[in-house]
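Have a look at this one.
Chain IDs A, B, C, D, E and F follow the sequence of writing; residue 1 opens each chain.
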Amino acid sequence: MPTFKLNDKEIPFEPGETIIRAAWKQGIEIPHYCWHPGLSVAANCRMCLVEVKSQRPMMLPILKWDAEKQDYVEDTKPKLAPACQQAAAEGMEVSSTSDQVKQAQASVQEFLLLNHPVDCPICDQAGECKLQDYWLDHQKTLKRKQTEPVHKVKGVRFGPTIVYDGERCVMCTRCIRFNDEIVGDPVLDMRERGNTNEIVLSPGRQLDHKYSLMNEHVCPVGALTSRDFRFKARVWFLKAQTSVCSGCATGCNMFVDYDPRDQHVYRLRPRDNEAVNKHWMCDDGMLSYHRYHQERIVTGRVRTNGHLADVKIDVAMREAAALLATVEKSKIGVVLSAQHSSEDNFVLAKLAREKFGTDKLYLAALPGWDGDKILRHNDNNPNRAGATLAAGGPLRTVKDLLADVASGAVEGVIALGWASAEDAVALAPLSRAKVVVSLSSNEGALPNTATVVLPVAVHVEMSGTFVNAKGMAQPFKKAIQAPPGVKSAWETTLDLARAMGLGIDFAKLDDVRRAMPANTPAASNPGAPV
Amino acid sequence: MDSFLLLSTAAKIGFALAIIFSFAPVLIWAERRQSAMMQDRVGPVRANIKLFGINITLFGLLHPLADALKLIFKEDFVPPKADKFLHALAPIISLVPAISVFAVIPFGDVFYPELWNQHFSMDLVGPATRGTPLQIASLNVGILFIFGIAGTGVVGAAIAGYSSNNKYSLLGGIRAAGQMVSYEVTLGMSLVGCFMVYDSLLLEDMVHWQMAHMWGVMAQPIAFFVFFTAAIAETKRIPFDVPEGESEIVGGYFTEYSGMKFGMFFMGEFVEVVTSSAILITLFFGGYHMPFLNAGGWDFSFQAFGHVYLENAQIALQHWGVTLIEVVTWVLKLSLMIWFQLMIRWSLPRFRYDQIMALCWKVLLPLSLLNILITGLVIIWNNS
Amino acid sequence: MERIEEELEDESALELPTEPMRLNMGPSHPAMHGTIRMVLDLDGEIIKDVDIQPGYLHRGFEKSCERGTWAQVYPYADRLNYVSPMLNNVGFSLAVEKLIGITVPERCAYYRVILGELARIADHLTCNGAGAMELGAFTPFLWFLKVRDWIWDILERETGARMTHSFGRIGGMAKPPTETLKQDVLDILPQVEKVLLEAEGMLLRNRIFIDRTQGIGILKKDLAIEMGVTGAMLRSTGVDYDVRKAHPYSLYERFDFEVPIGHDGDNYDRFLVRTEEMRQSMRILEQAVAQMPDDGPINVEDVRIMMPPKDQVYNTIEGTIAHFKLVMEGLKPPVGEVYSYTEAGNGDMGFYIVSDGSGTPYRVRCRPPCFINLAICRDMLLDEMIADIVPTFGSVNMIGGECDR
Amino acid sequence: MSVAVLARLQAEFGAKILETSSFRGDDEAIVAPSDWAAVAAFLRADSELVMDHFIDITAIDYPERTPQLPRFDVVLLVRSMSKNHRVRLKTRVQDGEELDTLVPVWRGANWTEREVFDMFGIRFRGHPDMRRILLYEEFVGYPLRKDYPIDKTQPLIEYRKEDNLEKLPPFGPTEGQPWNRIDWQARLEGRDMQVSPAIAVQQGQKHALSESSARAEGKPLPDEIPGKN
Amino acid sequence: MGKLVNKPKYTMMERAYLPEIARGLGVSMRHFFKNTFSRRSKSEIVTVNYPEEKRIYPDRFRGVHRLTHRDDGSPRCVACLCCSTACPAQCIHIEPAEYDTSDPRYGYERFPKVFVIDELRCIFCGYCVEACPCDAIRMDTGVHVPPSTDRAHFIFDKEVLMSIPGADGTYESENPRHEPGDPSHPGLTRNHGH
Amino acid sequence: MGALKTVMGGDAGFATTKLDALLNWARKYSLFQYPFATACCGMEFFAVAGPRYDVARFGAEAPRFSPRQSDVLWVVGTISQRQAPALKRIYEQMSDPKWVVAFGTCASCGGFYDNYTTIPGADKVIPVDIYIPGCPPRPEAVLDGLMLLMEKIEKGGNREAMTVPPRELPRLAQLRTRADTTIVSDHIGKMKEDK
């Protein structure tokens, strides 16, 4: 592979790659605003200027301030090149830290801050703002300009999710390019020039496509902010955990940003993975975190006199075990969930097959949504493949279960998850079963029809694996603590088995993973470092 | 027993107790206020009672009252492994003797109630005139009684230290016993010179001698210093407070005492200050003697270089007036002496235990012996 | 004066064999400053063995420093030697400045000297006063407290708090000197001198005091050096070592002052050395007040180190960014480790700081002078009497916050 | 300042002095644990160095650099009273490895070595009195190790059981967590990550979260997995 | 070489106890008489008869916190959480929230829905004041936090903090920013929606 | 007191009430203190006892280093886990009636020493009557606390909580500073006549 030298370090590159991309691949960051690895090159921020050392550099005449003479003197300086546009060449010597470059970076940064409002206290970007970072790295001076900054529009609602602040904008056009190139919906554009330059919506449009929240993340500064995340938390308090989106079968890689103090997830962000989602995520996926905190089931529930009453978890557990004991084991139907991790499903399936001796396994899944060609998969269940894989055989549907219940073949049901394609009305026949034990994290049709409900953790509260539609097993890690007393579904299953006097011994997650079929990918693919 | 004796004795006892029990709290107040003044601060002033809408603070005099009231009702704690009987006995032993010493201290000359509004002269005292010495008991062993009784105070401290079942208390008790026994000897020896000069063991005779000649402090300066030092040591106050030694052995022998028992120790200490001051002024500062005052009234004439000056400067006073002046003089002297003791207490650091003993046996005792020798020589010289 | 027991030496054979008494002093004992426990083996009142146990005020200083920013160390540093917090402030500032490689403007250095020396006077006043108090002389102690309060008044006017100032900053001070500072300092000095004289009049030549302190708790010179003793304790043995002279920092080379040293290293010497140090501090103060420029910058003008001026924060984005960077992430010194040492109230107070280049200290080790001074206390106490613990321990000036950290 | 301490040491011990540096004027030499006592004794005894003034012994914990390097740095600081120079001697020891005591060289090392033992659990061979010094005997663990959680208390006596003794609402029991800027346990388990790129970098998470990390994760599985939809 | 301290020789004067004791007594007696018998102005008594007499705390004194007001009486604070970040004692708890949709500041600024300081936990280091980029929190009240009998009494919420004026009796701050209608704050006067 | 109450005619008896009032008055002005001084606050505790603030004015100057004789336990400074048993023991050794004042932040709630070795507040181990905030509290605050304790004693009841709503506290503080009090300056200030 050919190489070039960046700051005396050999950088390999593929022919045709730009300097900045080759450096980025090596984990070296050349300061930039407008360049984005997933977008086309605009080269308008001029932050990435580097000095390309060649035998005969192009020298530009300049006037330089001479402190001794107290006057400007004529001088020359080499012309700098934007690293985002300059293709790398074999043997090229590039410097991003020479005096000339430093001066250029400082000047660009100062220009970008000329009209910036004093908004850090009220700006959500503070803490992860490139303007702040680069100021510290490259400018380091206080303001020289004495005059009033130019004012522009503030707080413009671009759509249901995004608000635009013209004063904070550095006109990098990343958002415009993102909408054009990735989404294919040219809803944003730029108007005017110079000081009055601003981002505008296409006439009559709103920023309302399915990837609008990505605009916040492509924006390097605080110009585009999310209405969902707005004013809720400060990013320097948040910790991140690598995880996988549970929104659909694509399995976008993401970060879970949570506050460790209150164990609350505040947002989900895309995590770069060229093989799955590149740099992007859809709105629905990013907003799916609301489910972690809303409509949660945190207590046990037992149906008495027709309605579900909250009880302590261990009470519900005992009740469930007692009720299940009244049912002939072979007549217990077990519903796996396409929303739950492979481990959850595996343990439940193992319980059914080995301890109940039943093969009445069903799969509950959401009915699917409107997918597209970008990221969204038609199947909005994250782990249909994994659940099937973990069950070790084909699974029947909930409809089949209803039929079995009606026929009396199934008298007891253990159902995992809240999601099913059927609504409450459709599930009503389920109540004819003697006992329906639901292991569910959230409210839903399935737990509502149950005799006993046992709460379980959502996927950010545990470590596990999702297998996406492409068959990639992607592990995710625990981010926040589950509500007190609530355990993950596989642990709850074990507890239930124990309460029924059936022993399945798994002490920790690794045991489960080891016990999973050897060709089940999760065990062989513990998460690569991020 | 005749009623006069009964009545007068009762009155005198009343007076003495009044002095003690008013002085002790006042002394506590004085100590606190006086130390405050020395230390550039104000001291306790805020205790007040609201009477008829007026806040009465009495310059903080109510604080000791509050202390006493509080201590009476404070929980009385006896350490579980302590000797209960001795534990309870100790504070009594240390307080009562200190009070009873007062029995022999004269606070005025003989008072004749029948002559109370006359100009007094010895001629008037007929055989029928009943007089009463202003002194509860005129014991013929006088000063020895003081030594005997006051010495039992040590037992209190020692018992307290022993019975508390606490190592600090034990150390304090041992220190107290050692120190007080040693200083008892010095105390006695220092006074031998006085006996020789005064030629009596009766305290009233001593006062009379001083009235006739000169104050003991001039006749026996060495004895005074030794006695004064020893008296402070006897009261266990700074610089001799090693038995309590707050910064070393916490509270010394009364570490384990609380409530009123502690209050009795606390009080006993101040009573001892009062009694030791009373003895001091009796022995060395002419007791109730006021210069230029005799039984008939003021007499400012004095003799020097063979001449008598101010021969006619005499003011006759009635008997009650003279007696009153004597008693007031005595109280004033007592106060001054106490004040001086307090000054010392707040100005000096404390000795170490062995230094105290060394001071006693190596300095004070030889000094008092020396004093006896000198006194003897002087007396022989005078007599010859 | 010898002890009685020594006289009895010849007759000791006559005495019955006795078991030594074991006595626990502390941690809550009036002479133990609340934080030391001594287990004494006593023969009568003679100390035969002593096990000194510190740690009752261990507050996790070093661990706590590892969880905040560099600036958040100051409140903890304040509470190390809480008798002279300003000296800790200065010491820590100098350490981080050494790590970064900056020096503060001259005016700031003078300001630090003035506040630091005031703190030193307050420190020694407290130590000597408490020492006298523990010997029973209560009155001089209260006079010292009176003057100390006036010194604290000055410090409060300058810093906003009486004793835990949190006033030092990396690269300067939190606020510039007030206009009245110089006059305040000049006003206080005669008062200090007056009280010193009065206390000396009461104590120094008083035989009781002399007996209690001279020849007690003697510290040998060589042993002291080997044990790492510093400060007034080391100087009392006759060693001429003062960080301010030996390794001048913060403009101390500009002042004309002397290092008081003692004769024998006993308690009396330590009392005298501290008294004399106060006098020298007053000399330094007079010179510093005279030399300190009235205007000029107080802080280094590097916004990566010092917070920008408030009007810049309120009005310009650059100021706000600088402010936010310092608040969110804190100051980031370069990777490395330095040991920086200053003369604090009790001696050579060193900060050994390790930076991994982040805004959080990797390790902050405080070399506590009185912890090391206390280690030698056992040698000073053996074969003394119980009562001698008080002046000896008092003159070591063990400060719990610094000793146990 | 007449003698260059490091040069003198290198002249005497040669390759036994593993590294030297003089960052900001602080002379530092690193030796192997086996040479620790010998070099220290030389510092004290040598007529040109005469490091007679003991200053300090302490340690630093670097859990992340294992196993490339031993976990702990033990640091000795000494000074010469007559020559007025200082040196910092360092050695690196593994967890559980014993180090020779320096008490015979400087008696002052007694308490400081005890403190190092107390705080880091590094034992000193030949130390006369290797007890805990600042903490109590009942304490389990060594608090200044990075993996000891700062708020893990080990009370000697039971707390009272009454209301309102905990932090009052809205202050939760975990208040203070974010300020604990580096959660060392999490970091050693590889999961302490800050959202803010700048803060992440300052915590040593180099580029962990910035958009420039393009590590692919998860790989497509073979098609012949049974049961695949 | 250092200066050898002047250690007194053990002379007869010291040996005899009395002269030096007398001198010491003299010093304390001087204090006693001066303080007891001279007028207050001449005496050396320095006691402040608190609470009847008080000393004014210096300007820089760090007392109980307060939250400054805007012209309309709302808190100056924008809940940027700098103070709680800088607080070494973690005694500040803030829950930011958005203004009501009808408020002109809606969508642009946040405000502290909950702003609580645990004054018992506070160590009065002043870092919060220093960290505030809006001059919203101050400690210049010139009042110390009064003691109380219950820990709950020290939880000062927003209303309490806003009710305390500064030492000058006002609630204003020096920060010129974020006032609607202010020239430096024109964003809100534009035609926009959130 | 229980026995006395029965003797004097029950809880509501006139004599009892008067006696209680008198006793409370006495206790209020005779607070012997046990200073459990461990840390920085000890310096400020000295200052309170010192001439400037002179806690003796309230009759509370007598420090008794024997817990048996003291009425108020001042917990002055940080209480470490190692120290806690000693504190508890001392409290138990004190004889009734007794009160506890937590002096400063550390003693009240642990303050910013929120770590492996400190107790978050003395009240984790012993009951506390008065909390004095401040790190360390100003002497004025300490005197306020002392007066509060005296008020509490006067109102009777050993452990009864006084309910002062927090929102009144700053107002209270304001009043105390500004209403009918004299503003004095210290000695140095007198000479300078500037403040």
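Here, a contact is a pair of C-beta atoms (placed from the backbone, for glycine too) under 8 Å apart; a residue touches a chain by one contact, two chains touch by 3 or more.
All figures in this text were calculated on a predicted structure; none of them were measured in a lab.
Engineer: Shared touching chains for chain D and chain E?
Structural biologist: Common neighbours, chain D/chain E: A, C, F.
Engineer: Chains shared as neighbours by chain A and chain F?
Structural biologist: The shared contacts of chain A and chain F, listed by label, come to C, D, E.
Engineer: By CA centroid distance, what chain is farthest from chain A?
Structural biologist: The most distant chain relative to chain A turns out to be B.
Engineer: Find the geometric centre of each of chain A and chain E from their Cα atoms only, then give the gap between the two centres in Å, rounded to an integer.
Structural biologist: Here chain A and chain E have centroids separated by 44 Å.
Engineer: Rounded to a whole Å, what is the gap between the Cα centroids of chain C and chain E?
Structural biologist: Here the centre of chain E sits 26 Å away from the centre of chain C.
Engineer: How many angstrom between the C-alpha centroids of chain F and chain E?
Structural biologist: 22
Engineer: Express in whole angstrom the distance between the two chain centres, defined as the mean CA positions of chain A and chain C.
Structural biologist: Chain centroid spacing, chain A to chain C, equals 54 Å.
Engineer: In chain D, what residues contact two or more other chains?
Structural biologist: In chain D, the residues touching two or more other chains are 135-136, 143, 148, 150, 165, 167, 175-176, 178-179, 196, 198-199.
Engineer: Where in chain A do residues touch two or more other chains at once?
Structural biologist: 117-118, 120-121, 126-127, 132, 136, 236-237, in rising order.
Engineer: Return the residues of chain F touching two or more other chains; collapse runs of consecutive numbers into ranges.
Structural biologist: Residues 50-52, 54, 57, 65, 82, 109, 112, 114-118, 121, 123, 135, 138, 186-187 of chain F each touch two or more of the other chains.
Engineer: Would you please name all pairs of chains that touch?
Structural biologist: A-C, A-D, A-E, B-C, B-E, B-F, C-D, C-E, C-F, D-E, D-F, E-F
Engineer: Over in the complex, which chain D residues touch chain C? Could you list them?
Structural biologist: 23-24, 26, 52-56, 58, 60-61, 75, 77, 81, 84, 86, 88, 106-108, 110-112, 115, 119, 132-136, 143-144, 146, 148, 150, 179-182, 196, 198-199, 202-204
Engineer: Under the definition above, what is the set of chain A residues touching chain E in their complex?
Structural biologist: Contact set of chain A toward chain E: 117-118, 120-122, 126, 148, 151-157, 163, 165, 167, 227, 230-234, 236-237.
Engineer: Which residues, counting only chain B, touch chain F once they are in their complex?
Structural biologist: On the chain B side, the touching residues are 32, 36, 39-47, 49, 60, 62-63, 65-71, 73-77, 246, 250-251, 254-259, 262.
Engineer: Name, in rising order, each residue of chain E that touches chain B in their complex.
Structural biologist: Touch list, chain E to chain B: 18, 21, 24-25, 27-29, 31-32, 35-36, 43-47, 49.
Engineer: Which chain A residues qualify as touching chain D in the complex?
Structural biologist: 24-25, 27, 29, 36-37, 127-128, 132-133, 136, 235-241, 251, 253, 255, 257, 259-262, 272-276, 279, 384-385, 388-389, 391-394, 467-475, 477, 519, 521, 525, 527-530
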